[in-house]
Each structure stands twice: as structure tokens, then as C-alpha cells.
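Some structures are shown below for you to check.
Same chain, two partners: chain A is paired with chain B first, then with chain C.
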Partner chain A sequence: MSEFLQHLINMLVLGGTYALLGIGLTLIFGIMNVVNFTHGVLYTFGAYIMFIVVHQLGVDFFVALPLAVLAGWLLGAAIELTLLRPLRGSDIDTTMLVMIGAWIAMQSGALWIWGGVAKSVATPFPEAPLVLGPVSVSWLRLFVLAAAGMLIVVTYLLINRTKLGCAMRATFQDQDTASLMGVNVDLIYTSTFAIGSSLAAAAGALLGPVYVIFPQMGDLAAVKAFAIVILGGLGNITGAVIGGFILALAEELGAGYVSSGYRDAMGFLIIIAVLIFKPTGLFARSERVG
Partner chain B sequence: MTRTFRSVSAIALAVAFLGGAAEAQTIKIGVNEPLTGAFAASGTYVVNGAKIAADEINAKGGILGKKIELVIEDNKSNPTEAAAVAEKLITSDKVPVLMGAWGSSLTLAVMPKLMEYETPMVVETSSSGKITTTGNPYIFRISPPSAIEAVAFKGIVDKLELKKVDFLVINNDWGRGTAEDFSKMMKEKGIAVGAVETMDQGAQDMSAQLSKLKGTDSETIIVTTAVDQLTLIFKQAAALGLKKRIITTGGSQNPDQIIAQAGAAANGTMHLTTFLPWFPDKTPNPEATNYFIAEWKKRGFDFAGCTESFRGYDGIRTVAAAIEKAGKAEPAAIKAALWDIKIKGLNGDIVFRKSGPEGKESGQSQPNVYLIEITDGKIGMKTL
Partner chain C sequence: MKLGVAILTIVALASVPLWLRDPYLMNALITTGIFIIGAMSLNLLLGFTGQLSLGHIAFFGIGAYVSALTSLGFDIGLPGGFRVVHDPWPPVAGFALAIIVAGLCGYLVGLLSFRVRGAYFVIVTISFAEVVRLVALNWVELTQGPLALTNIPSITIGLPELGSLTLRTKLQNYYLVLAVAVAAYVLISRLVHSHFGRAMRGLMENETLAVSVGIDVTKTLTLAAIISAGIAGAAGSLYAHYIRIIDPEVFAFINTVTMVIMVITGGKGSLAGPVVGGMIFGLLPVFLRPIMAPEAQWIAYGGVLVVILFVLPRGIVPSLAQRFAQRRSRADSAGTVAFSERDAKEPA
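Presenting the complex of A and B:
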């Protein structure tokens, strides 16, 4: 029983970060309809910004976090302005190829600047875990869960309750009508991509200190983010959050009770099942997909 | 304009030829190591150790009157890349001999290429038994296979009063091979073997596996993987409140790095290692060990890397000794000479004995294995 409780706690912590990865991508992939291969690189980028700001500039850990998010926002805006804007209106294959190119170029850049050897970020949290009866969890991971939860709520409110969010939804439903209603479509494109990117960087900045930081760390994160978005339904923020927790649950219980060698396979088995039986995702609303 | 362009081209061509001619004055050694990906830290250390050996040899005038030149390629911790890199080194760079490829799965992927191009390779780190038992006569290994580690460990299991052990190993030829060889030895000693958990080589979160191991009735966990994953395991085990004894194998632990990154979580852990940079006087070759450590520090490298980098140093010295003995830098002659060399390695004499099916034996040297323990953030030796 205590082992099961421990798995559940692990699932909550892991699921929170998966959800964060998922909502960033669902904004770009689901709402903007851009197959964003740079999502993993932005995750890596956020983690390296933490490393630079904390270790090379000597800035406080909690100050570094918003700086990493801001840096992700700026890099996302730059990618949109230089790569995606000239391609707007071209077919999805062209955009996808450009994004693959950007992914490889940026990952190689990270390798060139920081080298292949993993780095770690020191945190202000105590080493001793929080012990609650039979289960324990590290303070750092609890903080990551809380921060991820906060970012998810903020993003949800931004999309559903603000004028900017309304303009975003309008733009990607019908660009021309939105434009006629006075929405600055160019600005909406740039800010949506920048917000999605900043969420990826936030996930990297939060998880980098939990694990280790290396140039290819974003690859697995990106694969999982795509899986979560497909699981939850394209463009659905609530779906991405639930999808994140489902993936974490499948991995934890799969590794704990079936076989740890196939841990990463468990989540993907669920996705295959979802694609067969409910191809629009578990929580898709049809008007968003079409 | 055309004229200028032509003469510039001519000069460029001449320089290129001269460069080519200068290159022919060196003896090339191919180095196939993981410099990116999951084993980047370890592979980089090995390459830095190899460079120390090459510089030392060249400073003394090289071999056969020529300088040696390391052609270093990154196999990206990926078996497919490791095979491609070996092919590139042999066919394009024309190296007569290789050193590599760190991981067992990487080395196993390279092995068919060695057969195809009849080029020998000195294996400096890999420990899967399969490497020297499948009948590849181009393999010469200076690192201990996991069976030798298991035998060395056999002597101390009584003192440690092991009753039941679990395994947490990297899910590849190295980890699974170690779990197999150690389980066999444990069972011979009457020690029960419980759960065998695996983790993907790129995995960063082992909480699920550790939560499971926390709940079993074993008192000890044998862990096999490289340093980056090990530090994560120690941190995550501490966060889960897992209090069992942890013993690691494989010699790629870099214990100082574990102490630095895992802090108090490292106390009480034991590690089977193949080098003793902390106690140069207790190594088989103190003079060479002291030289190597001094040179390592002089170059500004992290001391923690010594337990890994010495393999690159020994590997290149082994290759160089074979080329010298062969009298020419040709694959067949080097392969034959490898059987006849005897050099003083940092971890014992390097002498190749036959291993594997008759007629196509691989070479296996018998290095020393040590058990160290971390207590209060310090490294101490356990006698085997």
C-alpha cells in the first residue's frame, strides 16, 4: 500500500510538469496548427538559461526562473518573426521542414556553446525530503509542482478570460473575420507562439534543476509533449493537463507493477489506443480541430 | 582577376599537398567515443586521458620516428552511430587501429565492422561478457568484463553479510550482462536475488523504480550505470527516503562527482572501481599514476574524471606499444603485435590472454578491481 501511495505522489509531481509541457505545445500545435519541432529546444534553452543565470551570473534561483521564462518568450517571438511570418499561408509540410531545420540548428548551437557534458543547477531547497507517513517527496519537486500548477492556471485564464485570449481564439478560427473585427493578426501570431515557447522554457527551467541539463534533453520532452497534446485533443488546454497526468500515471504504474524496462512504452501504448478508438483525442471538441 | 584567382588556387592546392604530406608523417589512431548523449561525460574524460598519452608519447619522439595523431570521432552514445564512426575512421581516415567505444552496446555494434575491414580495436571501458566470448579476433579488451568484477566481489560478500539483493541496471548489454553475472555469483554464495529493475540509458527519472525497490525485503541494491544517472539515482533515492545499502559496479562512477552532486545521499554507498587515483601508492604502478594525475590536474580537468580518463590513457599506450612492436602501422601487423605486448598499465599489467571460441579468440587483459566506500563525504578503501 505504501508503495502504491508513493507511486501516486510521484505521478502527481511528474504529471504537473508533463501538463506544463503539454499546454505550451497545444497552443502552438493545436491552436496555431504549426507542427512545432522547436518545443524541445526551447525546453532545453530554459534549462540552460537557469544554469547561466544561477551559476555564471550568480543570481538568486527564484529570480532566475522568471528570467528564463522571459528568455523563452523572446526566443519564441524571434522564431515566429524570422521563420514563421514569411511562411504564413504556405503548406504545412514547408513549415514543418523549416521547424525541423530550426530544431537541429538550435540543438547543435547548444552543443557548440555548452558542450555535450551534462550540467546541474544548485537549488536553495533542503536535501532532506518531506516525509508524510509512508511516503516522502523532495521539497524541490513540490515547488516544481506548485509552480507548474500556477502557470497552468494563469495560461488557462489568459486564453479563456482575457481579451487577448479571445482575440487569439478568434484569429485561429477565422483570420479574416478576426482581422475585420479589428484584431491585429500579426501581433496575435507572434504572441501566441511566444507564450507557447515561454511555457516550454518554464518547464525546462523548473525541471533542469531536478535532473541534469544537456543539449539533447529536450528531445524526449518534446516527444512526450506531442503525445500529451494528441492524448488530450489538439488545442484543448484542459485536455493537455489531464493528458499530462494520464501519461505520468501510465509511466509510474507501468514501471512499478509491469516492467521498468518498458516505462516509456506504457504512455505510448495508451496513445496508440486513443488514436485507434478516439482519434480526435480524449477531450477534443470538434469545432477546434476542424 | 582570373589570373590572381588561378594563382591563389595553385597556392591553396600546394598548401593542401604539403599539408597532406605532413599528415603522412604521423601515425593515426582512431578514437570512437561518446562525446554527446547519455555518456558524454564519461566519453569526454576518456578522450582527455587519451590525449595525455598521445602528448606524452609524442614528447618522447613518437613511435617508429613518427608522431601519433588521434582521430577523434563522436559516436553520440548511439550504437548505430558507433558503427558508422568506425567505418568512417577506417575507410576515410585510413586508421590502422581503433580505440573505443566506451559502452558495451556501442562496442558490440562496432565489432562487425572490425571483422569486415580486418582492423583491430582496443576496448577500454566496456564490460559486457559477450564482447570477448563471441569470437571476434580483432577485439583486445583492457577493462574487466562483469564476470571478473563479480568474482572480485565474491570475496567480500561474506564480510558485508549480504542476504538478499535487488538490482537496478541500465537497460542495455552492460547493465543486463552485469545483473546476469552478479546474480549467478550471488546464488552460488547462497544470497537471494530479488527484483531486477532496469532503466533506459537516457532516463532522468528513476523514482518509479526506486519506489518499488524501497518496498522489497532486500537490504542491498546493486546499481549499474554511468555517473550522470548515478547521481540522479542517489538524489532521488534520498528524496524517497530509501535507506538501503547501495553498491555500484562498472567503474564509471566518478565517486568524487557523486559526493559533489549527491552530497549526504552518497554516504554509506560502495563502489566497485578499476582505478585508485585517491591512493596512488596503492596502485600497481605508482610512478605512472602520479604522473598521470599531475598531468590531469595541470590541464585543469576535474579530478573526479580520473577514474574514467585513465582508461583512455592506458588504451592509447597499449595501441602505441603494439604499433612499436609491429614495426609498421598496418592493421594485420598491429593485431599480431597486440598478443605480444606487456605494458605497465595504471591498473596492473596489460597482457592479452585468449578468450572465446578457439581459432578466433579475442584478447582479454586481467585488470584489478577495487571496492571503495564513501563515508562522511570521503573515499576509503575496502579490502577485497
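Presenting the complex of A and C:
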């Protein structure tokens, strides 16, 4: 039983960051109809920004986090402006392939600049975990969960309570009408991509210090994000949050009770299973984007 | 005229070993040829049905593992105390089984994913390839996991009255790959120009219209997936018996991307496209190796894919064919324009 509780705790920590990844991807897919293959690179990028800011610039860990989010936002905006804006109106396959090209170039760039050796980020949290009866959890992981939860709430409020969010939802429903109503669709697209990218970078910046960071770390993160998005239904933010926790639970239980070698297979198996039994996602009926 | 170009190309390719003695270049040509076969099979799906299979390397890798395991033999325990023991079979049987098993996997993936197409198909195929890679990595008893399957025998061809010939040298493997590539090209070409091929292209261009004239969408797409996967499996088998060692890294996503880049650069939906694109990207590393670090090469690959999509979205071969057709129609009188248009629609 205590083992199961421990898995549940781990699931919460993982699920929070997975939800961040999923929200970013589902926003971009839902609003822009772009399958964003650079999502994983943004995750890697966020983790490396943490490493650079903390270790090479000597800045405090808690200051580095918002910087990583900001850097992800800027990089996302740059990708959208240079690669996606000129291709507006082209079919989904073309943008997908362009994103694949960008992903390979950027990931190889990361490998070139930072090398293939895994690095770790020092954190200000005590080594000794917090022991709660039969389970224990490290302070760092608790902080990751809290930060991820806060970012999820902020994103939710941004989309449901602000003017920008309202314009994003309108663009998602009907781009032409939104444009007629005076919504600057180009600006919405750039904002959406930048917000989605900053969430991916935030996930990387939070999980990077928990594990180690290396240039290919984003690949698995990207596939997990795809699994979450498919699970929750494309463009469904609430679905992405729930999907993030379901994937985390499946991974924890799979690693704990089946075989740790197949931990990372869970995401793929979920994708395949969902597409067989309920191709529209588990929560397709609920309101999308918001 | 097209037949003439094809025969000239084959003769030129067949004469390469006569003047090229460098073993490093020969090796690059053979692996390039194997990847071109893979790219051709990908093009059958991507270019003629419009379905982007981003897990195509799965079929290639399954072909490689099936072929290798058939010719090496294995002895595994299954849940419930069963043991499956397989004695080594000749590699040719492995080659045939590779095609069959890969085709079967293509059928399963097609069955799963053609109900949900577009972005979903892409993600299902990626997931499929990753699951297969993880199985290859973790089912150590069967696949040796990361330790790799080694000592895979070379392909032996039984010739009547001449005894059997084991293809060990680069020269022999070059001709083997060339022969399989030509066979795959002819097969795909025949298929694309058949009734079935028109059904595929009809679906890609206007699905509603195609359905209204009685084309069965799922059947057509699934059949295309089976054939495409089978050809990829054949390429994988050639790879296993040529390289003679395979590990789960064969399933790496980057290998699929290489094939996609070959198809997109050369021109999807064009028969010659994967060959041209494959030649460029298969041999580019040979020339880039002395001047660029491998990471820089990959940056260049990603960059080239982006640039090609911006500058030549249809790929090299269709763009050239169009320019050629325009020049010809300008030279001819207006009466033949209708003919060139028809000509341009047929895959180059």
C-alpha cells in the first residue's frame, strides 16, 4: 500500500509538468492547426537556460525560472514569425515538415553547442526528503508540483479571463469571423505559439533540475506531449491537464508493476489505445480551449 | 523517352563498380541504395495517398530484425512455460519473411489509423515505431537488446547448375541492392499507373469525389500501406544482411526523417523523386564529412528541409518536369497543350 501511495505522489509531480507540456501543445494545435514538432526542443531549451543562468551566470535558482520561461516565449515568437507566418494558409503537412526541419536543426544545434554529456542543475533545496508517514518526497519535487500548478492556473486565467484569451478562443472557433470582429489574427497566432513555447520551456526548466539535462531530452517529452493531447482531445485545455496526470499515473504504475524498461512505452500505448477506442479523445464533448 | 532515361540510368548505375574502386564510397552507395528503397516505399504512401508515415523506419527495422532472426535462429521462453525454438533458415527465406511480416504490420497500422487520418496518422505511426524500438530494446532474450544481433549471415542465392553464391563483397551487394531497387521502382511504377494507382491519387486529390465514384477509401489506403511496408521490410532485410549487425538504434526517428527528407527534396508523388533526393542526401554526408562536424551536418539537413519547403515546395523532380513541360509546350503549337497537361499530371 505504501508503495502505491509513493507512486501516487510521484504521479502528481510528473503529472503537473506533463500537463504544462500538453497545454502548450494543445493550444498551438487547437488554434493554429500546426503539429508543433519543436515543442520538445523548447523543453530542452528551457532546461539548458536554467543550467546556463544558474551555473554560468551565477544567478539565483528562483530568478532563473522566470528567465527560462521568458526565453522560451521569445524563441517561440521567433519561430512563429520566421517559419510559420510565411506559410500561413499552407496545408498541415507542409508546416509539420517545416517544424520537423526546425526541430532537427535546433536539436543538433543544442548538441553542437552544449555537447552530449548530461549535465545537472544545482538547486537550493535540502537533500533530505520530506517524510510523510509511509511516503517521502523531495522538496525539489514538491516545489516543481507547486510551480507547475501555479502556471496551469495562470494559463487558465489568461485564456478564460483576459481579452487576449477571449480573442484566442474566438480565433479557435472561427478565424474569419474573429478577424471580421477586429481580432488581429496574426498577433493571436504569434501569441499562442509564444505562450505554448514558454509553457514547454517552463516544463523543461522545472523537470531539468529533477533529472539530468541533455540535448535529446526533449524527444521523449514531445511524444509524451502528443500522447497527452490525443488523450485529452485536440485543443482541449482541461483535457490536457487531466491527460497529463493520466499519462503520469500510467507511467508510474507501468514502471512500478510491469517493467521499468517499458515506462516510456506507456505514452505510445495510450496513444494507440485511445485512437482505437475513442479517436476524438477522452474529453471531446467538453468545451474546447477553455 | 522516359523508358530511355530509365534504361540509361540503370546502365550508368550498373557501370559504377567498374570504375569506382574506393570501398568507402561503395559502402556509401550501397547504404544509400537501401535507404532509397525505403524512401520509395515511403513515397508510395506520402506522395500517392497523401498520408505522412513518420514511423516508416518501423517497417524497415522489423524487416531487418525478422530477416536476421530467421537466419540466425532463436530460442525464447514465453509466458506459461512454452519455449519457441527456431533453427536457422537460409537468409533468402528471411528476406521473404521480412516482406511478409512488415506487410502484415503495415496492414495493422493501416487498419488502426486510417479511421483517423491527417495529424493522427502521423502520431500513430511515430508511436508504433517507438513501441517497436522499446520492444527491441527490452526483449533481450529475443533481440539481445542493446547488445545487438551480430554475425548475421550474408544473403546466399542458389543458382541452378552453378551452385550457390554467397554475397559477401561490396560489389555483389551493390548489384543485389540495385536489382531490388529496380524491382521496387518497377513495382511502384506499375502500381501507380494501374487502376489502383488512379484510385489512390483520386483519394488524395478529392476524397469526396473519389468516394462518390465508388472507390473504397479504407481498402485502398490499407493496401497501399501493406505494399509500402512490405517494400520497406525488404530494404530492412537487405540492410541487416549487408551490415550484418543490427541494434535497436535502427528504429531511431532520425532514420525516418532521413527518408522523409529524401522524398520531399526529390519530390513527393514523383517516381524519380525519392531516387534523386536519396542520391543527394545519401551521398551528401560523404562530401560533408571532411569539412563539417556530424552535428553541423544535421543542422544543415534540418535547414535544407526547411529551405526546400519554402523554395521548392513540390521538390526537385516535379519542379524540373514542370519547367521542361512549359518549355516544350511553348515551343509546340497550342494544339498539343492539352496533351502536355495530361502528361504533367502523370507522375514523372
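By our rule, the second predicted complex is superposed on the first by the 283 of 290 C-alpha atoms of A that agree within 3 Å, B and C clash if a C-alpha of one lies under 4 Å from a C-alpha of the other, contacts with A are read in each partner's own complex, and residues count from 1 in each chain.
One rule holds for everything that comes next: contacts are C-beta pairs under 8 Å (C-beta built on N, C-alpha and C of every residue); 3 or more make two chains touch, one makes a residue touch a chain.
This structure is a prediction, so every number in the text was calculated from the model and none was measured.
Undergrad: After lining up the shared chain so the two structures overlap, which partner does A:Met106 touch, if you call chain B first and chain C second: first, second, both or neither?
TA: Only chain C; A:Met106 stays clear of chain B.
Undergrad: Of the two partner chains, chain B (first) and chain C (second), which one does A:Phe29 touch, if any: first, second, both, or neither?
TA: second
Undergrad: Give one of first, second, both or neither to describe whether A:Ser2 is in contact with chain B, with chain C, with both, or with none.
TA: Once the two structures are laid over each other on A, A:Ser2 reaches chain B alone.
Undergrad: In the superposed arrangement, which partner chain does A:Asn184 touch: chain B (first), chain C (second), both, or neither?
TA: A:Asn184 contacts neither chain B nor chain C.
Undergrad: Have a look at where A:Leu97 lands relative to chain B and chain C in the superposition and call it first, second, both or neither.
TA: In the superposed model, A:Leu97 contacts chain C only, not chain B.
Undergrad: Taking the superposition on A as described, I'd like to know which of chain B and chain C A:Ser120 touches: first, second, both or neither.
TA: Once the two structures are laid over each other on A, A:Ser120 reaches chain B alone.
Undergrad: Given the touch rule stated above, what does A:Asp264 touch, chain B (first), chain C (second), both, or neither?
TA: In the superposition, A:Asp264 contacts both chain B and chain C.
Undergrad: I'd like to know which partner A:Phe214 touches here: chain B for first, chain C for second, both or neither.
TA: first
Undergrad: Looking at A:Gln173 after the superposition, I want to know if it touches chain B, chain C, both of them or none. Which is it: first, second, both, neither?
TA: A:Gln173 contacts neither chain B nor chain C.
Undergrad: Need the overlap of the two footprints on chain A, from chain B and from chain C, as residue ranges.
TA: Residues 111, 259, 261, 264 of chain A touch both chain B and chain C.
Undergrad: Provide the residue numbers of chain A that touch chain B in the complex, in ascending order.
TA: 2-3, 6-7, 10, 14, 111, 115-118, 120, 127-129, 131, 136-138, 141, 211-212, 214-217, 220, 251-252, 254-256, 259-261, 263-264
Undergrad: List the residues on chain C that touch chain A in their complex, please.
TA: Result: residues 50, 52, 112-113, 115-116, 118-120, 122-124, 126-128, 130-131, 134-135, 137-138, 253-254, 257, 260-261, 264, 293, 295-306, 309-310, 313 of chain C touch chain A.
Undergrad: Residue numbers of chain B touching chain A in their complex, please.
TA: Counting only chain B, the residues touching chain A are 35-37, 40-41, 44, 74, 171, 197-200, 202-205, 207-209, 211-212, 214-215, 228, 231-232, 235, 238-241, 261, 263-265.
Undergrad: Chain C touches which residues of chain A in the complex?
TA: Touching chain C: residues 29, 35, 83, 86-87, 90, 92-94, 96-98, 100-109, 111-112, 219, 223, 226-227, 230, 234, 259, 261-262, 264-265, 267-269, 271-272, 275-276, 279 of chain A.
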